[in-house]
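One chain, chain A, links the two complexes that follow: it is found with chain B in the first and with chain C in the second.
Up next is the complex of A and B:
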């Protein structure tokens, strides 16, 4: 408590003339051992998060393009544009589909595989290792891999799809591009869900499960009434991690479709990238970035509520 | 309600034999206690009966049904676990109703049974609470309630009281005994606490290293233990053991040792003349010797520690290298360092073979 006080106090004192003896005393109190020891960490934290965050707010209020000489004050122009821009709305829509469908599939498959592995009496580690392989692939490589496999001229999967009568350029078709990038995401990130959920399952207390068996529960009843409720929290954690990840994800889509065709795969992260580094409109990009941060915080809060509100 | 039989049951974990050739017939309505130090195989035996561990060999029967390969859910048993094993996400009512719901009892029937069990255990006011909002004693009541609502053939209890504090344990012990008298369901109770075993069991099974040492009623176990392990395990404070030799003198048999110990026994032990045996005497079979003249079966000792328990006093005394615990009624009459004479009851003693540990008195 006292540390908090001594941190606040000098801030209040700052407007006062610096020569006042009172302010000097406060400053001395600030230089306690614990504050001095905290200082490096706080400085680093401030320089890598707080300063950029404040700068982002500043940039979002400026007419700020890399090509121009000096940023000029723009007021809320970037923010107004953000809410009126149909391209942004389209990107949020794509992001929503990408997140809901992708995360939904990842959770269903990931939890299912985790339950299978949990019930496997032997060789679990080998299966886990094999199943985890996609995580170790860099997202860019995963994107390249998907692009090769689904390439309409020489892709293996494309060839298989052609055999069953699907003759289209997967990444070039508005109807198939988004499902394709979602499936690549599912391929790469489902194992992460499995890993998190499996570790949660393995740390479940064995006694309630045994009690359920003795109480007369079949496997499915045990799953429905005991295992899933007890591991709900860890599943929510996995979803939280993945959903925040999806928000800022661009790598795979950048490689495979670059957001096309016709913006059908341009999720908000990719839109931000484009505004910032292709159109060089840093002010507008800052506003988009802050709006993404806002949505991510809301999402995180919602998950935390679900987790602890039970 | 049902009988339970273990027939030549063995259990191995890898190379380790945890339960060796267990044979046990448990009668209908009996309260039987499996007792022994940790690692003796008592919990494993119980878990095999519950179906939570597979049997390596042998047969387990509940009633006339062989249950070796039956799922736990089909065995019609109820189990109380050491750590309560309540479902943390369900309230007390749902915890108790869970087994009934799975068995598709009607809602009104479930409500009646849960309320009845809650009344018996005095937890009616806790039905809406989650397990984490309960004290240890309350949790254990809920766990017992979850077992009794089912009205199973057999109750299995795996150290149900060992997580409770001492006072609560004594209270719950009496309540469990009362509950059994009321319900009359066959009950198999595992504990490492010999006091629990002695006070609750109709019969007690003493186990050590996976082998049954003795199956008997509490008083039989106390009065005629089969071997030195049972003798030392049952009774608190534990029986005193004194290594000595059998000596014949003037047609009488004495047990003597180098610390000056001498005890006249009425048993001849002819085969054991000059052989090493272990003499055993319970702390309560030792009394003060107030006469001045030395007598048979008396021993001068030095008082090392005095424990005043109020109603009784424990004296830790020694002579030579030998330590002995004595238990006297009332307040202590001696203090540390005193030399006193103690008299060993000439009629209540135990003699065990030094090699095998088996009792030589039959």
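Up next is the complex of A and C:
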């Protein structure tokens, strides 16, 4: 009978290996209510992140060029090609310029505007709302706006430039195409930096600033020795978010220049898009994608180290 | 007795197998030859008939509503014929009960979506706008063999038969590698010809003639060197004329740059590969590249020189950008797809309406070369049989002469037909011959048609290589040309770079 069995000690009935009770205990400890409630979310998250990541590694070792539904094993061929391909090196070079100049401008202008808004005694909400408007525009639309404004046949900015004697075509010239797409990105995403930094400034403790004022510090002294050191972490967070985005967002460039002229605006994300969806070379695209992921992780780690002062 | 009976039975079996075997080899050929011949009595389908055009027919007793309730997805580039088809899809849906969802997008997105659909062996898109170079050449094994559907005695046949299509277009749009299987039917037929401003030519005619000794008005005998002279002259005298530059080009780092350059390459007798028979039915392996030939280098040098006097924004224009600039009166001449004629003649979209004429592209040492950019309509092989047959009914209707005429006359369309019978209609002939006629006003695309028909002649037509790796080859070509136009490399280095990369790509 079941009641009789349950009264007997399990250890006496069936000797267990020495590690099992410990492992069972650990498993039992995992089955807490909070863990069980989190399990569905973790399972979904794992399936949409870990599985694609593992598949990406698999794909980078395969050749899909001949038939997408019947890949063949390619070993490290895609990876060797990645390091030998001059087009990839050129795209990383453009990405570096695009990221450093774009991010630099966005941080300088974004922090500057945040400080102005922080110091504004009235109407801050109206200015913030107006300043934030470009964020709500989809990157594709930002690209189209840039294209219409700078179009040499009917663009407003192009017309103004022609009035002052500049007759070049902005998107058709190597010297101006990259600055133009950087400026479109700056126009759209600087408000995000402002928003993040402004929220940080508004949560600054008032005591250090009051103490500085009592000591007779000027605005610049307060900025240099109190405000900026206290808001440094939030600025780094803003830079971290934007630096990751800047490598992924290709919409604006895709619409305006398609990577040209002479590959001068073909950032690595656009090159990846081209290899994956124009050439359908999924194996090589996976290798490029993983290299981008690796660079993004390194970048993220660097920012985190800066943030914690290590 | 039993042994003899078994021997006799074996002999009969072998004989029948041999007969079946012999017959089997000839059957497809006979089927191909006889595919346009009705197997039973054919009766007209429930579609409006147009006098002078072949009628859409089906075997007697054919139930046009047998696929009622089936929903088909057609993926197409956002081109005028698809817009016209979408606007008139009611006629087909009413007659068959089949619902057709027409999704339109840019060609790049289309190629991406179709590639993923085929890669997953799915049939999300039953009907595919099969660009010969980016879809047909690469994915022909994923497309249904239309010979089988056209040869099925229980289904409607292609009205007017395959012979009614313009044959060079059928070859490019329909086949890949050989003529064993037919994968697509010609659907649209954009071709690059030369658009020019008649008012500008009138304005410079006398002075130019006095200086250079010939009429600057573009005509079929004009050479590329003369074109360069006329373009330079107009640019130099732009202050006195209602135009900014003599010529404009679609030289953005994009497919358009390869198309624009190909006209000059072929006119000089050059081509991308040594094998010159790749432009028709195509081939899986094109063999060695030929971009370092004297003809190719000459063409590259000339293109670089020509772009030097072109509108500077040419380097940021694709075909749409160039068309907008021409319509805005920025350039006097432009090699452009002929289907922009309706836009140029529309006063709401064009400042130059009424002042535009067309001719074939100028000649080089090898004659005039006008790149063909037409596309076919194909059926996804992965689709279930019922949906495939329903898609065939749509194909029969959409590529019929009646539908092609409807597209030509549609206010939202304007594409030119791929059927010879449509060009035989009196009203179409009148529109082509007299641009000032009411018929021409109703079908403005026909204003470029005389030039286009000339461009479709075998000696004037150019088909880019139809090979599976064309998207990569195309990218190599336009990227290196773009570097040259940006003064990053000279023409010789450009030729070397293209040649080397094409050979690496094709394994030669």
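Heads up, the rule we're going with is that the second predicted complex is superposed on the first by the 267 of 310 C-alpha atoms of A that agree within 3 Å, B and C clash if a C-alpha of one lies under 4 Å from a C-alpha of the other, contacts with A are read in each partner's own complex, and residues count from 1 in each chain.
The rule is simple: a contact is a pair of C-beta atoms (placed from the backbone, for glycine too) under 8 Å apart; a residue touches a chain by one contact, two chains touch by 3 or more.
Just so we're clear, the structure is a prediction, and the values are computed from it rather than from any experiment.
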Room on chain A for both chain B and chain C (clash or fit): fit
Contacts of A:205 with chain B and chain C, given as first, second, both or neither: first
Partner chain(s) touched by A:229 [first = chain B, second = chain C, both, neither]: first
Partner chain(s) touched by A:257 [first = chain B, second = chain C, both, neither]: second
Touched partner set for A:291, first chain B, second chain C, both or neither: neither
Which superposed partner A:278 touches (first chain B, second chain C, both, neither): second
Winner by number of chain A residues touched, once chain B and chain C are compared: C
Which superposed partner A:215 touches (first chain B, second chain C, both, neither): first
Nearest-approach distance, in Å, of chain C Cα atoms to those of chain B in the combined model: 51
Of all residues in chain A, those that touch chain B in their complex: 205, 207-208, 210-218, 221, 225-226, 229-230, 310
Chain C contact footprint on chain A (complex, rising order): 64, 68-69, 151-154, 167-174, 177, 257-264, 274, 277-280
Complex contact set, residues of chain B against chain A: 50-52, 71-73, 77-79, 81-89, 98-99, 102-103, 146, 150, 156
Residues of chain C defined as touching chain A within the complex: 108, 111-112, 115-116, 118-121, 138, 252-254, 311-317, 321, 324-325, 328, 330, 471-472, 475, 479, 482-483, 485-486, 488
